[in-house]
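Each chain gets a letter, A, B, C and D, in the order it is written, and its residues are counted from 1.
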Amino acid sequence: MKQALLKIKSTVPLTNDVFKTVLEGDVGTLKAGQFIDIKLKGFTLRRPISVCDFDDNSITIVYKTVGEGTLALSSLPKGKILDVLTELGNGYVITKIPKNAQVVLVGGGLGVPPLYGLAKNLKKQNINFDMVLGFNSDKEIILYNEFLNLGVNTVVTTADGSCGVKGFVTQADLKNKYVFACGPVPMLKAVYEVCADGQFSFETRMACGFGVCQGCTIQTTQGFLRVCADGPVFTKEQIVW
Amino acid sequence: MVDLSTNLSGLILTNPIIAASGTFGFGKEFASFYDVNILGSFCTKGMTYLPRLGNPQPRIAECKAGMLNSIGLTNNGAEHIARHEFLEIKNYFKKPVIANVCGFTKEEYITNAKLADESPTVGLIELNVSCPNVKQGGIGFGTQTNILFDLVKAVKNAVKKPVYVKLTPNVTDIKPLALSCEDAGADGLCLINTLLGARIDIKTRKFILANKYGGYSGQGIFPVAVRMVNEAFNCVKIPIIGLGGISSAADTLEMMMAGARAVQIGTANIIDPFACKKIVEELPILCQKLGINKISEIIGIAK
Amino acid sequence: MVDLSTNLSGLILTNPIIAASGTFGFGKEFASFYDVNILGSFCTKGMTYLPRLGNPQPRIAECKAGMLNSIGLTNNGAEHIARHEFLEIKNYFKKPVIANVCGFTKEEYITNAKLADESPTVGLIELNVSCPNVKQGGIGFGTQTNILFDLVKAVKNAVKKPVYVKLTPNVTDIKPLALSCEDAGADGLCLINTLLGARIDIKTRKFILANKYGGYSGQGIFPVAVRMVNEAFNCVKIPIIGLGGISSAADTLEMMMAGARAVQIGTANIIDPFACKKIVEELPILCQKLGINKISEIIGIAK
Amino acid sequence: MKQALLKIKSTVPLTNDVFKTVLEGDVGTLKAGQFIDIKLKGFTLRRPISVCDFDDNSITIVYKTVGEGTLALSSLPKGKILDVLTELGNGYVITKIPKNAQVVLVGGGLGVPPLYGLAKNLKKQNINFDMVLGFNSDKEIILYNEFLNLGVNTVVTTADGSCGVKGFVTQADLKNKYVFACGPVPMLKAVYEVCADGQFSFETRMACGFGVCQGCTIQTTQGFLRVCADGPVFTKEQIVW
């Protein structure tokens, strides 16, 4: 958890309204599943965005322009310096994967990007896994080639059948699988119902993003936990719907 | 050297900057950003006797000049806080803290206040009668003079440490409420808690907060806070801690000139974890520039 | 084509955008910036029976998200306004205006309301019981249910045109006041007038306003206004005009979803003389984007 | 009275804390004694500043950095576009000068700049006049050379005697003179007491600047008048102290 001044290295559109931005600077020591919180001029609260990819001095984020803040972010020029809180949240914990478990990474929409850093990490550690990526339609597909380039077995589902398997991510066989899931709540819930075990990434409206305001707190089996500081990744047994 | 010290009913602060309840947790996260011992003090999150999850999600909404929250006093319960959180504070903060004490009945307020009173970590008790986010109790105590008088008197009788009452701005007239507290023996007042507000998402046509309404804090409430602190200052003799939308050393001096003996910084911490540190550092420089040698001399000086 | 029309007790506005009292003069200056006939309507400056200079200078203070004013109902007197200003309006505005009527006694309110009632320029009377800047009268009428009931009833009996009561947000609970107006026969409500605030110049150590306190308006009060309009909407059946910090088409829709049948734009006009024009132009575009075909259908729709 | 988007052509310091900025664009039809009202990013209210000099497509303003707004204005880069209300206020009316009157222009501190446009105009119309400029000290003297270059007989007074005549502008003989005065209230009052007649420029805190909010209204012998729209220049007989 630290504050950093990061410079926008590049911003490119991935779809109509999804952008990929690379930030450079002293990004700290990151883990897949963590997020950063970006101060934007003219907005009171910071904007939390998951880390998609990272190395020692850069962070890649992928985000949808759903409102004024993300729209402003997407149109900032290269070279602009941003006030960012980094190293936020717990991130995915690979060591929790049980021995011999079959691992599947399940992403839905803007839940896909955070899985990229995780996939890279699993690859590096020689852990086998499959990917299931769900989108509404072929126009919204993001990062597919990136996952292919990692050499991961990747299934795409689209709700309208315009690409890959028609339907939701649960079209894939998740029974008895250990999942890493990130996406909208209905998706998380559906995956939760069928999988054996796993880690689930949550989103709530946040004020501080670093654990002091209780804005993001939810009920878990282990009591009240803050999505920003105790999550955003929760294990299956922690979750209370 | 500017003398920044200020005296809250015997509790001497090295400077008037206090982090506000609910925006500073128990200080631990901030201690990882900077040495929190530079603060005058900080207020802990409001505590109730039973642990509380608080209100349903979402409970944060952004506003142009601030934010709404409908947290609803999320906390681990007063016993737990007294036994764990208060003890842990000693590891990173060497000064007395201010315990924000809530309740749903008079008896509960007394129980919780006693727990705070007994903790060596606590230097002052802040009686929160102004949380807009819990239905019964809380704000119910803060809007009627007779109930407020009764509560403050009972708590004062039960504890030894100074008791400051944190009042709500959502009232027609703050003066009779401030006077009731003083008459009941309160050692000081804290003004203001949040204004009641609402935001609606025009795309989904839903209130952004699951609870619909929430407490409005941040820069947008500053002029209201300055006025209320001054109104209270003009009618009671007990010290006042001023807060509401303060985000700079200049705001701090303005609030003190309105009548505050110390100030609290709330939402500013949430937006920038270094907000209090910056204000503490800015303050002596600004005082020097304005010819203020002893900050306590400007309290209520505004003409 | 989006249907922007809205119905205020029989007065049909082509769109819900009304310029607020005290921020639009009598419209003449704005008519030199743009054709003011594009507005739904506008409210004229508050009038008292006797001409008033208002409060001493200075009477304006800037805030981070708005401003304070302590004008104190500067006006040429109701007779003069009815005879001159109201007549002149006809030269540049073809629709009925809303007359903001003030007073210091019930009798004065009646006299002034009658003058407005008799003017062919006026379509609706806005009873201002919420000016924070005049000591006796004004706000005194707006904070006590029995006095308010009595006043509204008396004015209603004296005039034929619809009477909307403009309430103050500086109260513990808006609901009983809203209900009193409805019970007394008010045709509608206008919410909110300014919040009471203060600013101090830390260099001179003086309140910026000669009057010390003034009315806080502008973006900073928007969340409070949305909440109060919604509270009133949930307890009365009469129409509500929503205002307080509105500065865009999005704010307009949010206020209408909270329960407003029309909105007023105040401080935004002062900052940008084209504010209302921009909102009137933005509104149908934004409605289309959000799938709103008839703006009256979203009134109070927020869940 | 109109809104214009004006471009900053240049900003130069005249003293420690007084700056001269030239704005270019469709400035409207101006008169000496009028003012403009400038919207600055991050500030709610506009900042009213008198016109010092002007031609068909530029305005020169001279201002002191007394607070955040003027400080921000002074540090804006060349080329920046500003939202400005122009042609505000009544301005000085030369035709009101009585026949055979001896005219003196009296400026104090930041009241000096508005007299420059007036002086130029009087020159053009071949009306004779003298200038008296009052400052606190020699360090604060502004525009002296500009007035000399116009060929005007210019007396400088300084409160501390560091330059010119020691004392206030009333050291000059203003008895029986027709004055145009602009400066702090105590100066205006002192000049009012001794002069025969004249025009006085006033300042108040303003919200709108174009006559709709009554924020600036003062008592005059002709009733309540708005400093922004009915002034800022008032004739001697209008003034009520």
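Operating definition for what follows: contacts are C-beta pairs under 8 Å (C-beta built on N, C-alpha and C of every residue); 3 or more make two chains touch, one makes a residue touch a chain.
Given the structure is predicted, the values throughout are model-derived calculations rather than measurements.
J.: Quickly list, by label, the chains bordering both chain C and chain D.
T.: Both chain C and chain D are touched by no common chain, going by the contact rule given at the top.
J.: Could you work out how far the Cα centre of chain B sits from that of chain C, in whole Å?
T.: 34
J.: Distance-wise, how many Å sit between the C-alpha centres of chain B and chain D, to the nearest whole number?
T.: Spacing between the chain centres: roughly 47 Å.
J.: If you average the Cα atoms of chain A and of chain D to get two centres, how far apart are those centres in Å?
T.: 60
J.: Distance-wise, how many Å sit between the C-alpha centres of chain A and chain B, to the nearest whole number?
T.: 36
J.: Can you pull out the residues of chain D that are in contact with at least two other chains?
T.: Correct list: empty.
J.: When you check chain B against every other chain, which residues touch at least two of them?
T.: In chain B, 63-66 touch at least two other chains.
J.: Looking only at which chains touch which, which shape fits best: line, ring, star, complete or other?
T.: line
J.: Can you name every pair of chains that touch?
T.: A-B, B-C, C-D
J.: Considering only the defined contacts, which chain C positions touch chain D in the complex?
T.: So the residues of chain C touching chain D come out as 22-25, 29-30, 32-33, 45, 51, 53-54, 57-67, 69, 71, 74, 76, 208, 218, 269-274.
J.: Touching chain C in the complex: which residues of chain D?
T.: 1-3, 39, 43-46, 83, 85, 204-208, 210-219, 223-224, 229
J.: Spell out the part of chain C that touches chain B in their complex, as residue ranges.
T.: Contacts found on chain C: 63-66, 68, 143, 170-172, 195-200, 202-203, 205-207, 212-213, 216, 219-224, 226-227, 230, 250, 253-254, 257-258, 290, 298, 301-303.
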